[in-house]
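I've put the structures underneath this note.
You will see two complexes here that share chain A, one where it goes with chain B and one where it goes with chain C.
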Partner chain A sequence: MFQKKLIYPNGIKVLLVTILILTVSGFSLKIKDAYLQGDNSVPNKTTPGRNYRILSPGNYSEIVKAAGEMPVYGHWKSFTEKDGLPAHKAYCVRIDGDRVLVGTSGGLGVYENGKWRTYTVKDGIAHNGILAIDVSKLTGDVWLGTLGGLTRWSAGKFDTFTQLNSGLANNVIYSVICDGKDVWAATGGGAGHYDTFTDQWEIYMERNAPMHEPWTYGVCAGDGKIWIAAWGGGVIEYNTKTKKFRDYVDPDEQMELDVFPDDGVVHDITTGVSYDDGILWVATYFGVNRYDGAHWNTYFDHDSGLLSNFNNFNRAVGSVVYFCTDKGLSTFNGKTWVSYQRSENNTGGKVLITNGPKLKNDVKTKTFSVPTSISHNFVIGVDANEDEIWVATSYGVSHGERIK
Partner chain B sequence: MKRFLTFLIFSFFLGLMIFPLSGQEKKKLNYGKTPDDIVPYGRFHKAYINFFDTPQLFTGAGREKPEPTGLKEVRIGFLGPLDSTALVPQGKQMLNGCILAIEEANKEGGYKGIPFKLMVHNDFGLWGAAANKVVQMYDEHVWAFLGSIDDINTHVALRATLKLEIPMVNSGDPDPTLCETRIPWMIHIISDDRQSCYALAEYIYKIKKLKRVAVIRVDNRYGRVGIKEFREAARRLDHPLVLEIRYREGDTDFSEQIQRVQNVSADAVLLWGNAEETAMIINQIRAKGMTLPIFASDRAMSPVLLKMAGKNAEGLVTTCQYNPIADNPKLKAFQKNYKERFGIEPDVFAAHAYDGMNIIIAAIRKAGLNRYKIRDVLTDLKTFQGYEGVTGKIIFDDAWNDIGSIWMTKVQNGKYVFSPSPLDTLVSNK
Partner chain C sequence: MRSKRLIYLGVVIVVIGLLGIPAHKLARKHVNYMTAVEDHPLMCTSCHLHMPNSGLIYKAVNKTYLSPFNLAISPDGNKLYVVAQESSALLVVDNQTGEVTDRIAVGKQPHTVIVSRDGKVAFVSNQWADNVYKIDLTSAKVIDTLKTGNGPAGLVLSKDEKFLYVVDSYSNQVSVIDVKRKTEKKRLVAGNNPTGVALSPSGDLVYVTSRRVLPRPYRTPITTEMTVIDAVKQRVKERKMFRDAYVMENVAFTPTGDMAVATLIRPKNLIPSIQVEEGFMMTHGFGIIEPGENGKIIQLLTDEPNAYYSDPFDVVISPNGKRAYISSSGVDMIQVLDLDRVRKLIAESTPEELHNYSNNRGISSRYVLKRISTGANPKGLVLSPDGKYLYVAERLDDKIAVINTATLETEKQIDLGGPRKITVARKGRRLFNNSGRTFQNQYGCYTCHPDAGEDGLVYNMAGVGMGRNVTNTQTLRDIGDIPPYKWNGHNQSVYKQDGMRFSTFLTRTEPFNYDDLDALASYIMTRIKNPPNLMYNPTGELTATQKRGEKIFFRTHTNCGKEIPYKSRCYVCHPPPDFTDKLPENVGSLSETDDSIPFDTPQLNNLYNASPYLHDGRALSLEEIWTKYDPGDRHGITSDMTKDQLNDLVQFLKSLRDAQYYSKYYSDEYKPLLKELYKNHYFQDKNQHNHK
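After this line comes the complex of A and B, so read on.
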């Protein structure tokens, strides 16, 4: 009885097969056509809505050519606990001359001469969770923002500043930067400024600065100004000469949407600020911004080469900014995006290049397969110089060489 | 052949039935259950991007971590106001709700025979102390935590959860911006001020047809953020507030604010603050001979207010995040057990904390001892979607915010009388 149901006359079989073939071939043609014409409706497994083409694997000359002025990194090598990193989870990384400093959930890892050395609370660090690192150009001191206070590593000795023994606003330090003799820390209770010459502290919060809330998440310095990523308060700018503040907030004043792109800070929940080459770059969990002092540009994952709207951190080095997203690392110079991701099957990596600030009919993202990649797509920290890049991720830290 | 043709005809008609049905599907709710006429910029411009149309995934590592062995207790954190703040009564109720849930879970065998243990922390909100408390809980190896009530402390704690990767359940802070931070480590199981504001706006402007509403609010984050959605709703409904005036926490004389309300000839006043101050303002308004209708935020739904305001509270309308006299067997059992255990009636903070702690316990039992997997269960929008707790049904939106029913209360004969919110009626008719 069951078999009988499946037996149809030959004519019907032919008709069914024909319909099947036409349907499948039509769909295939549609996909092929979309790939060639750049139809963004063709889904991409990693970045929904973005068209891409797989080009020759590992052909770096082609990648470098496609990236134009943007640096391209490759030959990735990753380090985890088994390689000597204090913990898998790396929060931050800083290149310091010939050595590299990595803040992890298990202490400070220092990579020098091909070996890792670990420093923890036993050595005098405030807490093993190290969220931020900066190195003073003036003194060479290393400043560590930890979950338990601010630690200075100077002349082989660790000193810790906490709420109880200093003017630090709060012990959870999300960001620290050195600006000459001054050290700035973004904490859970306000932004702290420490003058290392006078040993004086100042705290900036909602009571003495145009912040909506006391909590801060990122801080950066440049051209006589300090910028603070004020969680819930957009970006606060402090002029170190005039001692005056101004704030930049989301013009639409709405948390759930962005009415117009390019009109200001994309969202009041800011996670990172970084300034270099006359440009302020802002990271949020909702997209990113570029501010040249007069104009704001907004970039989202659906309209640009940015891998994800969820940005943990950003760092500008020269004209290039590095955005640490939950889907990989995106780099950008205002014109071209170059992003790095692990491949879906974890056998290698991908480099995605978008030759234009925003996606358009004639601006598409090209994807290149490469044999190596960053260790994890959840990127939390980054640092780069002319020759190399280090990336801190949710599972390990990765080193990439600049391909020239 | 006949059977095949029958099959084709059947399929054709089935298709016809399905497609019109699709066309008549209920319209997807606006974010935050926002009524159509008060969607931000809704009358003028479609937003370039809506941020909460889909849940934010957590793509970091950690799910691979093995479950530890040899544990003697399974720790769950508690963060709440227990000392040195005006919110201590609410904090203690919240703690009691958690204790009751933990004790009941341990009677049922805890986690695979290992007892749950509550790690209690006071969130005294000075200099971002809540962040330090979350670090302490991280160091204590809690698997998840519940907290808190105060807006600032809760935000400070929430922000630390992303770095520390600890699941967080909030059952006591109605701040709508909590979920709007997009940190994928927290679920919010209490209706927020957005829901309260929309319910009050529907009731005041559409049902009561009032037009000139003045606001007196406390000058802190609860007042500032809490009233925001009402202020904006009023403007979008073409009845912008005629006055918004503040007072400081701890104030007892509100004559200046009340005079201002009188000066602008308001035909209603909305009070947004703690029960004690709200009661004092009500008393002073009535003492001045003003008879205008008074509305208030959810914190006014309190025995403290009834006691302090007495007859002056008659007619006061507030919102409440649940209905404590609902015909819900779970609720009745909870109220009975709570009173037996602690000797007092549970309040809104106790009830929601009880639900929140039970959700944490259920998530741990389902996911095992791995914070990332516990987070996944809490946020999967399946396991706890429609959770029937003592506070009613919890409905999460894509930001993990509870957009389930909220209630209106009216003081009548010295008691709060509960009724469904006009917002829910509006949504159910959609």
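After this line comes the complex of A and C, so read on.
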């Protein structure tokens, strides 16, 4: 048998061996660092197409610099049942002055002065499964959207509105917002509003609004308009002055793909809407949208810094929108994406920054490992202000400080 | 010729006699039927002169009185400002001469007046106009109209007088008005039927009382809310709950703020009314609220073991904080409390003892200094700035009593100049508001029917069987044209309702004599007005939602196109203008503790403010009538309706106003339908059958 014998000059042999040794030892060191710091920067299937650049962990100044105008959050601290949260599964969170309200599967958790207090059906809440929270800026009353009705919590008293005792469309409430004197609720049986001045309800469903079916997931308000995220109906816009509806549906009518980019709502099944700073942000299970009143932009996980197309909820605060995905939290201001993920080995987190609305050859995602992270990557709710962020996940709620 | 004339005269006399005997018999029979007794004087005037509720006779017989309700005093103490509720006026009274120097027209049914610290401006809440008038007291002119929520009642200015807190008594809110901008900044949720309000001496808290109890499960103990507003943040800070109490009309702070005192009633509506004889149906007193979130709430009675002092209304506290004065409007008295003794009692008692005191009629002598008689139905109170005089609005006397607080004697009465003549209806109104005809003055008609409406409680009148046939109090407003009365419809007239059975089952003392009964019936029958339905139907023009509900109310076919049987159509049992056919019906609402009887179909006018609903108050909202308590579509066919249709129907029902706004045929659109109804055999047969 002929065997081809490779013969290399000695100098070349030495060089190859040296490169091999350095490569193997360097990779080993990287793995070790990643393990010690909780880094999850090793490319994997959940985050395809990213350009990973490993920097020294926990170097927030570099992260803040990379994020530009976008707020960066860190020093995460998480809370679960053992810390006093009513239940592991947190559906929603709302910052209310010096306290934080968390809706969980086991009731309402209120975090104040470093302590958790729990309120449940025994206290008068309609149902322990609390899916949505909003606080009236006018009155300070807290409105809780639950799996069993709408509850108003006002200075310690719980009043419940159900489909049996009031004009509420349906007891399963996915979203609630206060718009001046009106309280809007998106429910499993339509959306509607309660006028707290006149004690009157108006409800909207497929019978009297351009909805595909009455199941609604989200509602938001701004500039005299209400937007409703309707299952199968895209986004329904209601003008509070003219009391007229219009709808925004997926123009390409394709369920599985987006034929033309930036042509409208990415999908007719919408899961969240949020409006602030003149921009309407739409979340779906198939990507997200930005709408400035004239133009639509669509963002997917494969063409932008969005962590996942599967979005449970979104919330806009000022110019920044927070998308709650099944793979972590993505934040975006129309220019830069900053996302937060828990590492796979659950010992730390990652901050992913994309300095551009969409990925391009010259726009890549940079990944930074950080020592702390959100408690779980399946993010369901979020709220933020100038100084902090709270994230509700399927396993606990997390608090992050804004890094400046 | 002369003999012929005598014969003719004789014939005429005989004919008249022959006719007169049966006419007399017929009249006797009629009066016996209407009064349910056989010895009521045969006086046609009792009903036909004093009971019409409109027209020339009504105008000729009745008078418009002043009915002073609340009052305020100028900072220098020289002028009194008196709300003349019935005349919709603010009277300016010279305190020295006792003369009314100005009469300023204000809105409908004014409730409260307050005066700014500099004495230049007054604010008057117009409860039936949903606004507050700002009045320049120098020119005696209304200078601003401030829009409020529904039923503005109590008023208080913030310490800097930049904001006005208005208690919206019908919409259960507090409007925060920016006085300078003349705009309503926000509305805060208050208790049920809030009325009184007071600002703490520090200016950082606003207390708001409530009259009606909070919604609660059927036949469970009651709770009434005292709403505490943070006047700095202008948000509700706390809701203090008063267990087993209601009709908390007013509240006042001591000058140091160490306590607030609120008037209240403690009803015992969960037990049969036979307990009246045990002295245990209604008790009256006051609540003490200590400051702070953990401050105690103590309830004490002003009643005695064998005497009650019903319907406490207003409370004021002396400048030195040592005395409180309470107007007991049901017994025409002012009760003078020694607050130092109250403080001592609280300090010396354990929490358990204090809890027990809330039902103890044996300790009032420890803190009630004196009881001072007043004119009829004392309501609002105000102290002179130096605390030397107490002024009392004697509502049903049109006078202001002036009490010297040193001697605790009435020095004089200021006559406001109301009509001199006391009409029969006015006399009846005095009786209605007075507890003198009840066992030991325990309660008056007014107690369970505040403002002639209803108190929202259910009672067991114990006519037959203890604990059975529990019923929801019904309104007495605008009921002149809708007999029979009682839920079982057994009383064909107010005479029967308020006659012998009234004393047997309810007042447990001597029945009204016939003169008094005539007067009481006259007051009730002359159409006690409802507040205008400004919340749901301010103009008579229905909203789009209400129009859709109207169609459902008059519908004849289900959503599936199936014809609805006559007996199951809304308009058949509830035809306009009273929205009742005045006939008994069984709509499937009988409970296990009810006798098997049909119930009188209630009128639907103004039912928006009459919760809870159904004969026993089980339904806390109109929706619940059909979503919870209408098994088998017995209360109309509703099971085919979608949720939005039910909402539309409810909104239409809430839009219904007084009967006077509607005709028998309602509107051109539904006139054919109603004409057909009145001709229909079902309707006619039902009427004939039930009127037998």
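Following the convention adopted for this analysis, the second predicted complex is superposed on the first by the 358 of 404 C-alpha atoms of A that agree within 3 Å, B and C clash if a C-alpha of one lies under 4 Å from a C-alpha of the other, contacts with A are read in each partner's own complex, and residues count from 1 in each chain.
Rule of thumb we're sticking to: contacts are C-beta pairs under 8 Å (C-beta built on N, C-alpha and C of every residue); 3 or more make two chains touch, one makes a residue touch a chain.
Worth saying up front: this structure is predicted, and the values here are computed from it rather than measured.
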Combined model on chain A where chain B meets chain C, clash or fit: fit
First, second, both or neither for A:310, with chain B first and chain C second: first
First (chain B), second (chain C), both or neither touched by A:157: second
Which partner reaches more residues of chain A (counting touched residues only), chain B or chain C: B
Touching partner for A:170 - first (chain B), second (chain C), both, neither: both
Chain B versus chain C as contact partner of A:258, first or second or both or neither: first
Which of chain B and chain C A:183 touches, first, second, both or neither: neither
First, second, both or neither for A:302, with chain B first and chain C second: first
Partner chain in contact with A:199 - chain B first, chain C second, else both or neither: second
Touched partner set for A:286, first chain B, second chain C, both or neither: first
Partner chain(s) touched by A:64 [first = chain B, second = chain C, both, neither]: neither
Minimum C-alpha spacing, chains overlaid - chain B and chain C, in Å: 6
Chain B/chain C common contact set on chain A: 163, 169-170, 189-190
Residues on chain B engaged by chain A in the complex (per definition of touch): 1, 3-4, 31-32, 40-41, 45, 47-52, 56-62, 127-132, 135, 138, 152, 155-156, 159-160, 163-164, 176-177, 180-183, 221
Interfacial residue positions of chain A with respect to chain B in the complex: 5, 8-9, 12, 88-89, 91, 127, 129, 131, 147-148, 163, 169-172, 174, 187-190, 213-215, 217, 231-232, 252, 254-261, 267, 269, 285-287, 300, 302, 309-310, 326-327, 376-378, 393-395
Chain A-touching residues of chain C, taken from the complex the two chains share: 149, 171, 173, 186-189, 225, 227-228, 233, 235-239, 535-536, 545, 620-621, 623-624, 627-628, 642-644, 647, 650-651, 654
Footprint of chain C on chain A - complex, ascending: 138-141, 152, 154-157, 163-167, 169-170, 181, 189-190, 196-203, 205, 207-208
